[in-house]
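There are two complexes below, and they share subunit A, which is joined by subunit B in the first and by subunit C in the second.
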Partner chain A sequence: MADDKDVLRDVWFGRIPTCFLLNQDEVTEREAEPYYLLLPRVSYLTLVTDKVKKHFHKVIRTEDAEEMWFEYEGTPLKWHYPIGVLFDLHASNTVLPWSITVHFKNFPDRDLLHCPSHSVIEAHFMSSIKEADALKHKSQVVNDMQKKDHKQLWMGLQNDKFDQFWAMNRKLMEYPTEDGGFRFIPFRIYQTMSDRPFIQKQYRPVSPEGNVHTLGDLMKAMYPVALSNEGEPKRFQVVIHGIEPLLETPLQWLSEHLSHPDNFLHICVIPVPSD
Partner chain B sequence: MRSWKNHVRGELQQRDQTEKLPFIGVFTSLSQMEERFEFRKTFLDDVQSKSLDRGGRESEHLAEKLSQTVSDLTTVLYLKEAELQYWQSRVSHYRQEALSLAKRSNTLKTTLSEFEYTIECQSKELAALRNEQKGINEALALACREKDELLQRWMEEKREEADRLNKYNDAQERWQRVAKHLKKHLHSERKKEFVPIVTNSWYGEK
Partner chain C sequence: MAAGALRGGGRAAETRWRRHIVGQLKLRDLRQHDKFQDLIRFYTRLLEKTSLTNARVCLFCAPRCPSSDSSLSTLLHQNNQLKKTTGELAYQVVQLQQQIQIKDSVLEEQHARRQQEECRLQGVFDSRLVLQGRVEMVRAEMGALKSDYDVLLERQRGAETKLRQEELRGRDLLQDVIHLKQREAANMNTRNERRCSCCSAPTSRSSSPKLQPESDPQPPRPPRLFRSASAMSPRILTSIRELFERRRGLSVSSLQEDRLFPVGVCLSARLPARALHVLEAHEQGINAVRFNSSSQLLATGGTDRAVKLWDVGAGGKLEGSTEGITCIEFDPTGPRVLAASYDKSALLWRLDDPIPKVTLTGHSRRVTAARFSLNLQVVTGSADRTVRLWDLQRACCVQVVEVASYCSDLICSGYCIISGHYDGKIRVWDTRAVRCIQELPARGKVTSLDISPDHRQLLSCCRDDCLQLVDLRGWSYERVCFRADGFKCGSDSTKAVISPDGCFLAAGSADGAVYIWNVSTGNLETRLPDKHSSSISAVSWSPSGEYVVSVDLSRRAVLWSDL
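So, the complex of A and B:
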């Protein structure tokens, strides 16, 4: 674990350069300038866009400003998915900076959850951590933590403090050596070409025969279409944090090192770009 | 180092080379300039609206900044304390583990020396038994030789005995034939002697 701290750092400090543009239909008192921001891949849109809101509030009338929401090329962006997942899923082959359109009207209730305050994000984040720990340790670790420990995890993410977050999160990544890994791997597989939000099932890091499960094994079991047969051209990319790990990478190691702060391994399956 | 791990490391660096590093400089400068602009704008507004309150506002701003710094430092301190506690608990855990391992090692060493001693004793016993077996084998070979000799002698004697018996039987047979012949001869002689006795008495009376 300690040897791979550089991987944890690279994952935590991943950034996406973004340009926020106000939707042209919004009524403004004067022309809105775009707003540029480096977004942390592991954070949530509504957690890091207070400055964006402040910037555009200057040019729109207070009575016209409803809840802010984001859209990319016609797709409303779900704030409760990590930013990196949204980018990999919808815009991984776009020209940088990533252009996101900002709306203050016509909130798409059918597609997005409301996010009136940061406490809603905190509730969602802590609920994901608890769900992940239920899969990994039957909730034993997260239940043994105190309220201040939970707060430390949240504050670490909110204030982008790597050390503060990992001082506590390392407890969630421990497991008995004799078990060879977690009880189940918390993962979610996202796909662009389906109405289903994501695939999430119980999957162990080690087979009953004692063989280590790899990313390839997981994809074969959960979403075999994503893998191309020998001799066939590759149709899909399996992307985590903007990279394509080798399919022989052990799932347990990926879960420990490439999980998001919510402790889930978010895997995006996207079509190979046709250049 | 395993290749899949190197691959992840390389890919993450490559990702940052494309997504992060070319933009970080300009985005940071822009953000700093915006902050400075905002601050100056606020400051200018303040100066224009309430020039008398300026000193008070500046000190308020300073106090706010100081309070933020204190809060940040407290958070860092809290974090370091938590980290220190964690590492202390790890050290104590490893110390306990080292102690228990040392104990196990001592026990294993004692057991090993006991086994070595047992092996030495058994080797000696084995050597003694091998010597004894060698002596017994030699005695067995001698006894076998003696048995063969005795058997030969016994066979010789038996042959001689059989020869003797055969000679005796031959002699017996011959004797019986002679006795038979003599008996026959005796009979015929006796018959001859009986007839003249009668005649002689006849002749005597005459």
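So, the complex of A and C:
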């Protein structure tokens, strides 16, 4: 369906306008200009911020520059979450562009993973894909792939090549017609209200009675608080890729079309803005 | 997509959530992406520009600071430096030009060499073409040679197959020859066996031994012992022959029979007085002896199975009998010899051929007598109590006469056959009627018969040591007996003879002496003793009257004469 292909493209090419500001505490030779960038939602922070690093290196002393990390309103941003998830989770209802503070000192080891090179990101990305395929196909598809196929997936993401990526990712999205979907839907539900980083459980796309599970079914099973009862005002938003899909949307379809390149369906549950 | 298709809900519901998502996404992009896209691009560009300007400002600011003097000196210095650099560059230019010239010359040289090489290449190409032409020619020649060779090979193959066939044929022929030889050898062996075992008579003329290997047509030493003695007889004969030549016998069919032949007639027989030759003539006892009509040949037959011819001309040895010879007679015309044999057959030879021409078989016991008769017929008498008549032309028996007793000898006289028997009878048979027309008594076993040349008198010899002369004229059959002291008939086949002139009788005795009686007086005329050591079996008086031959059972032959 042409619509579905458009959905995939929209998901892939989703961008977030971001303003990178150097932390005030950093010692600079001269005043640091802010750096603006359109960040791809499906990518990772450390993968797309080389220019930012270069920009700020001009104004700080080289010997002072340690590993760069990002922070938004006091929250260190985990680079191993997709950018879209970080934005939806922390800044979905703020004024654009998204202002991110750049740090070169005092790396918060307790909160963040180190990211010395792109190969670390690649390892994380591939392990996510393998995990997702283990849920979907008992790892059969990903294990049948050759090394170069894995490389193709990664290079597609790294170089923002939609066709290159999906030529291979298509295989990961296939399933036997008689099953009606994947074994389990790889999903993660994020929320900011508790210390728990995310919810991830085994959940089938089709109920034992043969009914198709929807997004609402999933939320009811995993996180019933997120759903508002009849007559009550809505308290939480269920956001995927910056939008709120209808709860009646089939889970299998969502997994196929609104998953991130790491093949997980990242769902953010955020409180409805009070104003 | 598949999930959408599977979905049980209505199409409206299905499109609702899909449309919602699409719309939301569009809205999201509008808000978050499109609004900021250009702005951020412009900002980035501006940022780059400002950084560039900053750098230039820095550059400009820096040199402006020192004074103009120093700048002038700096400029001069720079000028000097530039000049120096120019000079260096010019020098480099010169050097490079020189290098260019060198390179040019090298290039020229190489060009020339290249042209040379091209020329050589052309030459080589030409020679290659020539060589190719030659190769083609040689190939063609080779093809021709090959075809020739193939033809030759084919011919050789053909010749080889022919050779093989010829070899095969040669081998076949060799096999045939070997077979023939083997058959011959087998024949000879059977023949030898038959001769040795003495038990079976030759069954037919065809089986008569044609291939007698040891037969020697020309005996190495023909015995010519009597040559000197007989040298004068032809002369006498020829003188008389002219006077008495007449046609004899009634020839029926044979050309040979139609020929005129001389018959010698002896006017007076000479009484033998002494032995001319004494000879061990055979290897075993001699049973029969006979002169031929011309007195030139003497035939002896013995127990050693051979008939030996003595005297001038065709002397030789006639073989073919497998048993001892009992009786010999010459063909009146001369060229043939008839012999009777113990092997139940009678054999006929030509004098010039040692192999029997005809073998007459049919008797069941030994043949004791064989005589030529009229009309090219032969009469034989046998111990099986039959007398048989044979046609020589057909070589078969034409008549069998049962004679009631052992026939010891017989004589042919015209159509009469006179036979002597062991029952002491002499029987006269008519061959035309086949019946006995006369029976003459004798005094014991008749051992031999002889008839005078004029066919008037019949001599018979009996075991009672008496010779009996019967006058055949008329039907009186007067008998005269001849005896002598010491004369003793030695065997059942002792043969006595009448002299050719009919005046004497000769017989051999058991004491080894030849007794000669005078017919007219009836007395013993002479006795020739001491030459024989055993019983004399036969005597023969030559038709010319000159010689008497006696043979005994101890292989000795003695030629007597009055000379």
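Keep this in mind: the second predicted complex is superposed on the first by the 272 of 275 C-alpha atoms of A that agree within 3 Å, B and C clash if a C-alpha of one lies under 4 Å from a C-alpha of the other, contacts with A are read in each partner's own complex, and residues count from 1 in each chain.
The rule is simple: contacts are C-beta pairs under 8 Å (C-beta built on N, C-alpha and C of every residue); 3 or more make two chains touch, one makes a residue touch a chain.
Only a predicted model underlies this, so the values are computations on that prediction, with no experimental measurement involved.
**Student:** Overlay done on subunit A, so just call it for subunit B and subunit C: clash or fit.
**Tutor:** clash
**Student:** Applying the document's definition of touch, where does A:E232 land relative to subunit B and subunit C: first, second, both, or neither?
**Tutor:** In the superposition, A:E232 touches no partner, neither subunit B nor subunit C.
**Student:** Which of the two partners, first being subunit B and second being subunit C, lies in contact with A:D163: first, second, both, or neither?
**Tutor:** The answer is first: A:D163 touches subunit B but not subunit C.
**Student:** With both complexes overlaid on chain A, does A:Q152 touch subunit B (first), subunit C (second), both or neither?
**Tutor:** After superposing on A, A:Q152 lies in contact with subunit B but is clear of subunit C.
**Student:** In the superposed arrangement, does A:E209 touch subunit B (first), subunit C (second), both or neither?
**Tutor:** Neither partner.
**Student:** In the superposed arrangement, which partner chain does A:D109 touch: subunit B (first), subunit C (second), both, or neither?
**Tutor:** neither
**Student:** After superposition on the shared chain, which partner residues are touched by A:E63: those of subunit B (first), subunit C (second), both, or neither?
**Tutor:** The answer is neither, since A:E63 touches no partner chain.
**Student:** Who does A:E31 touch here: subunit B (first), subunit C (second), both, or neither?
**Tutor:** It touches nothing on subunit B or subunit C.
**Student:** Looking at A:Y175 after the superposition, I want to know if it touches subunit B, subunit C, both of them or none. Which is it: first, second, both, neither?
**Tutor:** second
**Student:** Scan A:L96 for contacts with subunit B and subunit C and give back first, second, both or neither.
**Tutor:** Touch status of A:L96: both partners.
**Student:** Common interface residues of subunit A with subunit B and subunit C?
**Tutor:** In subunit A, positions 4, 6-7, 10-11, 13-17, 36-38, 96-97, 241-246, 248-250, 253, 258 sit in both the subunit B and subunit C interfaces.
**Student:** Report the residues of subunit B in contact with subunit A in the complex, numbered from low to high.
**Tutor:** Touching subunit A from subunit B are residues 3-5, 7-9, 11-16, 18-20, 22-24, 27-28, 30-31, 75, 79, 82-83, 86.
**Student:** Considering the complex alone, what residue numbers of subunit C touch subunit A?
**Tutor:** 1-4, 6-9, 13, 16-18, 20-22, 24-29, 31-33, 35-37, 39-40, 43-44, 47, 50-51
**Student:** For the complex, give me every residue of subunit A touching subunit B.
**Tutor:** Touching subunit B from subunit A are residues 4, 6-7, 10-11, 13-17, 36-38, 96-97, 152, 155, 159, 161, 163-164, 167-168, 170, 241-246, 248-250, 253, 257-258.
**Student:** Subunit C touches which residues of subunit A in the complex?
**Tutor:** Residues 1, 3-4, 6-7, 10-11, 13-17, 33, 35-38, 55, 58, 96-97, 175, 177, 180-181, 205, 211-212, 241-246, 248-250, 252-253, 256, 258 of subunit A touch subunit C in their complex.
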